[in-house]
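The same chain A turns up in both complexes below, where it pairs with chain B and then with chain C.
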Partner chain A sequence: MVCPPFLLSLRKIWRSALIGGGVALLLALVGMVGTFHSRSVINNVVSVGQVLFLFPVWYATYVSLRQMSEERKKVLIASLTAGIVGSLPLVLLLLIGAGINLRAMFVNASPALYKILTFGQNLWPGVLVLIVVSALVTLTAGLLLQLSSRWQRALIQGFLWLFIAGLMRDLILTVTNRWGPLAGVVQFFFAANGLTPLGAVLLLAIVIGLAFRPRRQVESQPVNSRARWMVLGGIALIFLFLPQILGPFFSEILDNVMMYILMGLGLNIVVGYAGLLDLGYVAFFAIGAYTMGILTSPELNAHPLTYWQALPFAMVIAMISGVILGLPVLKLRGDYLAIVTLGFGEIVRLLVLSDWLRPWLGGTQGIQLIAQPKIGNLTLQSQVQLYYLFLAWVVVVVFIAWRLKDSRLGRSWMALREDEDVARAMGINHVTTKLLAFATGALFSGISGTIFAAKLTSVYPHSMNFLVSINVLALLILGGMGSIPGVFVGALVLIGAPELLREFAEYRYLVYGALLVAMMLYRPEGLWPEERRKLELHEEEFVESTSVAAETE
Partner chain B sequence: MLRTRLRGVTFTDIVVWLIGLIILVGMIWGSIATIRLGKYSASTWTDLIVTGLALGGVYALIALGYTLVYGILRMINFAHSEVFMSGAFTATFAATGLMNIGWWDRMPILSLLIVLAVAALVSATVAFLVERIAYRPLRNAPRLVPLITAIGASFFLQYTFRGLYGSGLKGYPEMAIFKGEIVFFGIRFFKTQLVVIIGAILMMLILYSIVQYTKIGKAMRAVSEDKDTAALMGIDVDRTISTTFVLGGASAGIAGILYLILFPVAHFFMGFIPGLKAFTSAVLGGIGNVPGAFLGGIILGLLESVGPSLFLDGLGIPAAYQLKDAIAFTVLVFILIFRPSGILGERLTETKA
Partner chain C sequence: MAILVIKDLTKRFGGLQALSKINLEIEKGSIHSIIGPNGAGKTTLFNCITGFYVPDEGDIIFDGRNIAGLPTDQIVRRGIARTYQNIRLFKNMTAIENILVGMHPHLRSGIIGGILRDPRTRKEEQEALQEARRLLQLVNLQGRGDTLAKNLPYGEQRRLEIARALASRPKLLLLDEPTAGMNPKETLEMMNFIRNLRDTLGITIVLIEHQMRMVMGISERITVLDFGEKIAEGTPKEIQSNPRVIEAYLGRGAASGLGVQAQPAA
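Now for the complex of A and B:
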């Protein structure tokens, strides 16, 4: 039997819509739809939960439709039917859930979820409504594709900003309420929950308007150094006054972000520059924090030191432990190195937890009464004060990392990352080079640990788990391995944003996991890539495009 | 001869060997001290050994998944521990369901088969999907890349199952026929341990014969030798790799049930530690080598159950059992540093390792 081409492409679209529906089903059963339903994008009209179960089908349809070249009527038919097909997994859930109590197994398959999925209707009308809404939503994908590409981009951007604004309503208002006249303007857009309908329309119009602003053709010319310094200065100023701009509510979050930026800059040297995947990175953070604890806490120590006296010891011990870890793993590469470092991290944690070392390390109870840093008579203890301590260290560490990057050592690291054998043949001493990478990374992480200990005035082994290493790795990959601004971007997005959305906390690692996979699949160089790595990862495309260019010339 | 060997020795080698030597001396000293102390009777030791064997059987079965995948793709399937967890966690619900309708005690063999089938099916599906989504598109990427996706997939699965089934502990119902103990030649076995040991050996034999004697096994071995040549010989490489993942997944699911028979509590984080230990077993035996996985599993199981009492008690370390995981990880670190090819493995060349 010969299938007409339209049916073939229809089948392809249905298949991807079904995958989208499967994702929606997963999001519903994992509980994200239910949790996020209480947050509105537009008050009483669209909730974030509804977006979560409708968007996957829409996106799957849009992506697969884009690859299809058919006439208008057929595209619209395809998009409409895709919505019906894509809603089937959720319809199935509703039908099964009506008969059997799924809750014994899937904790989130509750009547509350069914109510969200049926838009508050009973079973049969609800199923119908779900199918119709889904079909209408995907129809917009078909309609969108009829527009010019400029309009498409503008509309997508508009709805994206709409979603973000609705999601972040509480935060935006907390920040802007501190700024008198601005508060009135912003409050006009927002309702008690999400945006007001009028505000949403207005915001959409503004973003679309901005997308159509006359744009100068941006030529890819070398940025002149003065403009670059001004941008850098601007960023520095923003960071300097960040606690004042955002207000006290954010100080705790900012401290956390800065802590991870410090760790990220350290791991960036180990993983990003030298290409040594270290999964036990939290161990150095723990060593920094514990050294500070042991030396300054009167609990374990008859002659407690002050923070500043203990700091050099903590730094030196962190560096030495970096070298100690580095020595045995010098010969290992890639995945074996990752596993060994993971094993080291776990051994450190188990030893700290054990009764054996309790007299020295405090066991499960940890260490309390750790000294807070003092400058003159001023004790740095409030979150804002600690923010500036973090910031001072971040500035120092960024400077070191930035200068190291193009130094002889930095270039040796990158050479080792690219090809160890060749690098060694070129006369690079792999032993000292690798050990210096481990030591520098450990040092930065250790510093972060000392401030962490001083901030909480206590350390517990439970706060030093494997998840910290994963957090740091994830922020590095999101930002772009080897890129210093990437670390900032990654930390702000991955550490800052989840703290802001408390509903998100439960799904944090689920999203991180998906993010790691998605980044590797679609954008391995990260959001703010380092130039050299970008070239490496897209080497083939680059070679292809230049060869094509050469041929056409 | 000696001279040429000595010339290659560097300072770092000496340091590493010194650390190894210190640990070895500590182990021997501890063992002698423990035995002279006479704190444990002979029957305690045999109990510990039996426990170790049962545990080792489970590790061996999980290790198979690592070994099969490593053999074929030269990558560590970091998400394999979550494949193990997914089957076991899901099967717990099947077991509870069977218990509620009364089959669990009336038809134990049938119920056990159903539960095993559920676990194997779920784990195999998860393993298949992970390969399809996270690994296949990246097969030719730099080596660090699939490792990172594997870590991502692992976390995604852990927290997905946490969302699906909740974050609490879920009890796996005990079976009436597995209660009690049997004495063979004066050695006491719990019935559960016996079931686990027999089950693990049976599964190993089945998997070994699949790899050695069936057509798909032959295809798997061919692909692990050389993907391109295998493709030229008419082997569907993608399909063979998928089959490998399914096979490894199914055995992980069955290992999950055996694990639950020993430790009857399921939760979303249950895969991490056994997974890491199973990986240790795979490396210990020689990764890529099926009998090696079995050997490695048994050795690690024994080390873990006997080790704390034998090596550490004599050194006067309190609550030595707390450090049993530390022993396993120390083995992991040292085997990777000193002999990454394992006990039965061939010496891998630089490009392969």
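Now for the complex of A and C:
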């Protein structure tokens, strides 16, 4: 049987719309649609929950339509029908849910969810409304494809910003309300919940306007070293005043992000540079924190030290523990190394938890009354003050990581990562090189741990769990293995973003998982991939040769 | 004078005798080829010389000292460098970084120097970089230094691997099938390049090779291995007319067909 080509492509589009519908069904059943319905993108018009169950079908339709080359009428028909097909999983849920109580299996399949899905209507009119809305939504995908690619991009960007602005309304206002006269301008856009309809239209217009601004040819401008220093200085200034810009509400989040940046920079050396997959990285964080606790807390120690006195001990002990982990795993590679390091992390956690070591390590109750760092008469205890302590360390550690990367040692690490046998045949001593990677990584993590202990003035075994290691590794993967800016981007996205939205907390790991899978499929090198330094040609020559290359293209 | 003397070298893998009682002398400044059918033990011999394998018996005397059983990083420091049959570059590093890693034994800076970049370290890195650029030119890869090794075309990867080996300033260079996968023109270029290398740098070169035209054209001496044993050694002329060699390559009886005296097939 021969199918006409249009039917074939129609079938393909329906299939992907159905997958989109399945995703929508999943999001509804795990409760995300219900949770996010209380947040509006545009006040009283569109809620985040509604976006969650309509967007997957739209996106699936848009992506599959883009691969289709049919005439306009057929594209529109295809997009319209895709919406109907894509709504079927949710329609099915409504029909089954009307007859049978699904809540025994799916806690979230509640009348409240059905009300959201039917837009507040009764069953049959509601199903009809759902199908019609879904079809209209996917029709916009078909309409969008009729536009020029520039308009398409502008509109997609516009709606993306609209969504982000509506979702982040509370946060944006908390920040901008501190900005004096600017606050009124920003407030104009927002309603009590999400954007006002007028604000939404204005915002869309602004973003589209920006997308069509005349572009200067920035790419061909030579990147001289002065411009680069200015950019770096700008970034430094932003970091210096970040707590002032964002306000006290964000300080806790910033501290958390900085803590993970420190750990990320350390693990980046171990995993990113030297390629030694370490799944027990939290161990060194725990060792730093506990050393600080044992040495400075009067609970366990008759002669407590101050933070600064204890710091060198904590650093040395963290480094030694890095070497202790490194020694037995020198011969292990890949999966075997990962399993052993995982075990090491668990050993440290169980030791601090154990009753046997309770007199020295505090057992389940942990250690309290840990000293806070003092500079002169000033005790660093507020979140903003500690932010600056973190920042100071981050600056030092970034400097070290950056310098090492382009040193003889950094090259040895990378050579070991690429091919250990050949690296050794090049005269690289794998024992000292690997141990240096473990020790440096452990040092940075230990430092992070000492500030963590000082910040809470207490440490507990349960803060040292396996998930910390996984979070650090995940932020490296997200940012880009081996890339220093990647650590910052990864920590901001993975640690910072979930803290911004309370509703996210519940679905944090679901979103993590989806994000990591998507990353591996579409951008395996990370958000800000590592760049190799240009060594053969001098900077000026390089600029010349690239501009020549740009011209010939 | 021999730069490398191998005495009664034996290497077993379980029951398999990969090399048995190999005796070999490599003349200083010569180009010496090692040939033999697949599985003859050629690469195993290289692996024993460079320390990838520890030989079961026998001595490997390089420059008057026994190096049998030393770890690879010690051997490269003594002055033996090699390339690999299936190219093993550091793929995600740039070409010039590959060469810089090759220079590792001659650089001194450690972790502190790397962080502080004191004048001594900076001077060392500058000089290393200059030498690396010079080596890039030597193997005709100028302008490719900042390309990731994995993005270089095949022939250039081969040459980069040689440059990386040369970076350790070897006295003896082992090349494992340098022309594998090359067309006749590229093979000819590689042949001239290798000869040129020996003439300008004065190093000794041992190569494993399958392309007979190259072997016969370039080598001063040839050693033939078969099933882990040395079956012949001599000048290209002697090897070409050696019945045992022809037998090893073409099967028993082939030699008689070619008009050379040999045992009839069983």
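Everything that follows uses one rule, which is that the second predicted complex is superposed on the first by the 526 of 553 C-alpha atoms of A that agree within 3 Å, B and C clash if a C-alpha of one lies under 4 Å from a C-alpha of the other, contacts with A are read in each partner's own complex, and residues count from 1 in each chain.
One rule holds for everything that comes next: a residue touches a chain if its C-beta (ideal position, glycine included) is under 8 Å from a C-beta of that chain, and two chains touch if they have at least 3 such contacts.
All values derive from a computational prediction rather than experimental measurement.
Overlay on chain A: chain B and chain C fit together in the combined arrangement. In the superposed pair of complexes, A:G334 makes contact with chain B only, with no contact to chain C. When the shared chain is aligned, no partner comes close enough to touch A:I447: not chain B, not chain C. If you count the residues of chain A touched by chain B and by chain C, you find the higher number for B.
When the shared chain is aligned, chain C comes close enough to touch A:A423, but chain B does not. In the superposition on chain A, contact of A:I13 is made with neither chain B nor chain C. Panel annotation: after superposition on the shared chain A, the angle at the CA centre of chain A between chain B and chain C (CA centres) reads 70 degrees, nearest 10. Minimum Cα-Cα distance between chain B and chain C in the superposed model: 7 Å. The contact surfaces that chain B and chain C form on chain A in the two complexes overlap at residues 421. Residue ranges on chain B touching chain A, taken from their complex, read 10-12, 15-16, 19, 75-76, 93, 96-97, 133-134, 137-138, 141, 143-149, 151-160, 162-166, 272, 276, 279, 317-320, 322-323, 325-326, 329-330, 332-333, 336-337, 340, 350, 353.
Residues of chain A touching chain B in their complex: 26, 29-32, 104-108, 275, 277, 279, 327-336, 338-340, 342-344, 346-347, 350-351, 353-356, 421, 431, 466, 470, 473, 477, 506-510, 512-517, 520-521, 524. Only residues 50-52, 71-73, 75-77, 82, 84, 88-97, 100-102, 104-105, 107, 109-111, 113-117, 121, 125, 129, 132-133, 136, 142-146, 148, 164, 168 of chain C touch chain A when the two sit together in their complex. The residues of chain A lying in touch with chain C in their complex are 399-400, 403-404, 407-412, 414-415, 418-419, 421-430, 436, 440, 532, 534-537, 542.
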